[in-house]
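What follows is a group of structures, each given as structure tokens.
One chain, chain A, links the two complexes that follow: it is found with chain B in the first and with chain C in the second.
So, the complex of A and B:
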């Protein structure tokens, strides 16, 4: 089953990744095929499992005490740009360049 | 022209009143130096993990119970992905699959034709309540074409309350939100002050003809007060009706309310429909809650949340408080609404009643007409009133004992407002407002008046 160009473009836009070239797309298709093997198991009437802990209590509840914070200086060390203790970001989301504008292209797909 | 039926649903985000955040130990506080209340987890630094705050869960359970919801004994956390500068992780932890509470209801009251004496009770269904993280704050600097990001708010606990589209206009939505606000404040689960962003409301609005399927809905955001909520919704309803009657169509879009212009404008840029790619939050096992029956035998108390225990300790909700006020003091239902609508007013009223012999039915007039109108005129809260309940009770006692007339009482009250520290009795003596009780003295005065105006008396006798 082929992954269409539209789906690929949509995924790239959502996840801000670049599949780069036909090899990348091929790898993606192989990964999907590998995961599709899950369909071979009959799961009729079985609730999806999202935790091996099932219904056993194990989500730790923390007391409502202030134990962290006050590390502005450290956090801002990670900022490429800062203004008076604010992180600086571009005015809005920068979308991936359109398919036509990109250097790498899904050639041969 | 066929009639239009407007349909209004609400998504309300209430900031949980807690010391620390939903999944981290940094402090929750409104105004603080930028990025000072941020932990490594809030900043989404690698290697950090979420740890659920017990108080936030209790707040959500309390709210769910107060809104007649079923509390899900097992609820799950999910990731909702989207990119924005104030969401450092690139996803928000929320409860999309199985939220903590579902299927509740909220009753609220409306005045018909603005007459408080004619109140009608309505109900709106609560679809669900979910726990989720708040995002940071973006300050847009258009001159330098950049955004400044403050993560102090990132990770603060929110309860999202989803109200079904059972409302039909701005007034109903406003009344429902007001009642929710009072409930949250009574529970203490949220301080719900809209001006401080502790209560944020988005409205979903559509119109259709009776008997036909629902129309396309728009989402209205950026509403900063309950008054603007009603305005925004009513404007949007009108806009949609006009658009459709002119042969246009309604786009399924997000619009922002512009309070200066009093209208809604399209908001999101043409990114197309958002795909949040929900997935289970792998770092958090299911949240399990217990009740008296299912309470596990040997477990650390601190790790157990007992729904029944919380239920037993719920305070009286506004609707119950109102009923009690009406029953206990014989006041009208609409009076009880006004008493609860003003922070501290009900307590003030009860305090005066305790300290005076005047009947509550008479006291209420002084509270709602005189005291409240003065406070409103001077934009004061009950707590800031220069006239204490003690002083007012003192004054009403003089009136009750017929030592002064009601006109004189109003005069004394006006003097008390000045807050100069004088007692009612002192003011009465100063301004000579005592009522004369002596029959003989009164006769003498009347006779003197008649004697002094002989001509007028003759005119009156002659008719």
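So, the complex of A and C:
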């Protein structure tokens, strides 16, 4: 089955990455086809595995004491846009333009 | 000095006795990096800091107080490990110009031992790939392409252009690190291994590539691909050196909560002489479609080697092996989708000029910063994680993962100590041929023999075994039980000694030590 344009658009929104061209969409189609082979395996009664260390892993906890920090200057160094001790972002709460308004490959598919 | 010798046995002694100084070693490596620039193994060469580290090491040796075997030893680090003050790019536009504010734990450990950090090595973008061909700094060339051994076997071409295009890939994604070690520009290098990214290039470049047990070595500072499978990898020219590196790197790190808390004791490898108590398992599913007849024959020969030496060699079955690539494909893309979400242009890395809104800035930044491979995996991963797909794909893959891991548990429980398998399906492919298939297809093909060990979190090592008919390296893989690196490396070392893999003959490597090569025998195994 082909992935619907709605789902493709939804994915672009979620991932904030675009398919760019027919090849990109084809790549996804192939990826799904490839993954479908999983359904050949019988997994009745099998628990999903989160970590290979599940048997021996006792999550390491420590006292809630401050042991490091005070590195504001270093952390801000790699940001392109900042003001005083703030990272600066363009205005938020503005959704990505709808499919029709965006310059995207998916338009007209 | 013994540029080709083992760290513990020869180089360390030479440094202690003053036969060579850390500065000389460092300068020699830097010079060799320059003369092998065409390999494109290094993205960044940290010449100034390396020389400074070498000088400091020299002072320590003069005082008779070296920090350990690694003091003064030039090493290289894959460019997906954070290195303070040095650019860390992951071979991506997304991180071009990113200067790490901290050292990854493994880098810090090496520096604390006095190692000299020569530079950062090239890789596939964000470690996604099996060729080291898909990074923004271009592909890495396999040093063996320029070896006497390969050139002798190549069909003579009429034009010199053809010779240029004849070069073969290193494999990936830690190709730069493998090439660096293979071409003698460093003594050891760090790679990473998520689906085989250390063992694959190790096999193609004729070096030792160790994937440690998941949880043994800290991932803090290793830019993550798949958190549940990534491990730092170790690339060296001999198994003993891998043990030395392992000893310096393994152990609990409070900064990485996925490292186990059990104490780790560094070990020296015994010289195994009696293998009669060993049980070697040969998993039949690793006779995978596409396995070259050459490698099949070498694998068989290796099994016979163990049998003739008295070991018990048995055929075993890991029935879910054919599904490990599919399972990996789903789990990897899902974790990648999550891990790549941090790249939004705000705190570090590339940032687009787009200013309309936060979301459009993120989208433009990611569009400009990531290559097709990365974007493809993010989109696939997000698809598998959609509410309507979560159970069907992601959870299903997690269940299949358990079946794959259980296959290994059953085999090891049946009395098998070590598994012996091929590492790759064939010797290194010429670049022009390799790029004709897309990254995902290649990765799916090439990871088939290495991937399952990452699924199960088991330690695995590539040992260079022999040269192929084309004069290129072929390696074999040993897979061990969880946290039993000592046993794994001991067996690997025994095997290494039996096969006497030949030294690469590179004209660019100016070797002053002729006595070293009296110890090297030409391939007696192929």
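To be clear about the criterion, the second predicted complex is superposed on the first by the 92 of 109 C-alpha atoms of A that agree within 3 Å, B and C clash if a C-alpha of one lies under 4 Å from a C-alpha of the other, contacts with A are read in each partner's own complex, and residues count from 1 in each chain.
In the analysis below, a residue touches a chain if its C-beta (ideal position, glycine included) is under 8 Å from a C-beta of that chain, and two chains touch if they have at least 3 such contacts.
Keep in mind that what you see is a predicted model, and the values were worked out from it rather than measured.
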| item | value |
| --- | --- |
| Partner chain(s) touched by A:69 [first = chain B, second = chain C, both, neither] | first |
| Dominant contact partner of chain A by residue count, chain C or chain B | C |
| Which superposed partner A:86 touches (first chain B, second chain C, both, neither) | first |
| Partner chain(s) touched by A:41 [first = chain B, second = chain C, both, neither] | second |
| Which superposed partner A:14 touches (first chain B, second chain C, both, neither) | both |
| Common interface residues of chain A - those touching chain B in one complex and chain C in the other | 10, 14-16, 50-51, 53, 56-60, 62, 71, 75, 78, 87, 89-92, 95 |
| For the chain A and chain C complex, residues of the former touching the latter | 3, 7, 10-12, 14-20, 23-24, 27-28, 30-32, 34-35, 37-41, 43, 46-53, 56-60, 62, 71, 74-75, 77-81, 87, 89-92, 94-97 |
| Residue ranges of chain B in contact with chain A within the complex | 18-20, 24-27, 33-41, 43, 45, 51-57, 74, 76, 81, 83-85, 138-142, 145-151, 269, 271, 275, 277, 280, 284-288, 296, 299, 302-305 |
| In the complex, chain C residues that touch chain A | 98-99, 101-102, 214-215, 228, 252, 254, 257-262, 320, 323, 326-327, 329-330, 333, 337, 344-349, 351, 354-363, 366-367, 370, 372, 375-376, 378-380, 382-384, 386, 392-393, 395-403, 405, 438, 440, 444, 455-457, 482 |
| For the chain A and chain B complex, residues of the former touching the latter | 10, 14-16, 50-51, 53, 55-72, 75-76, 78, 83-93, 95 |
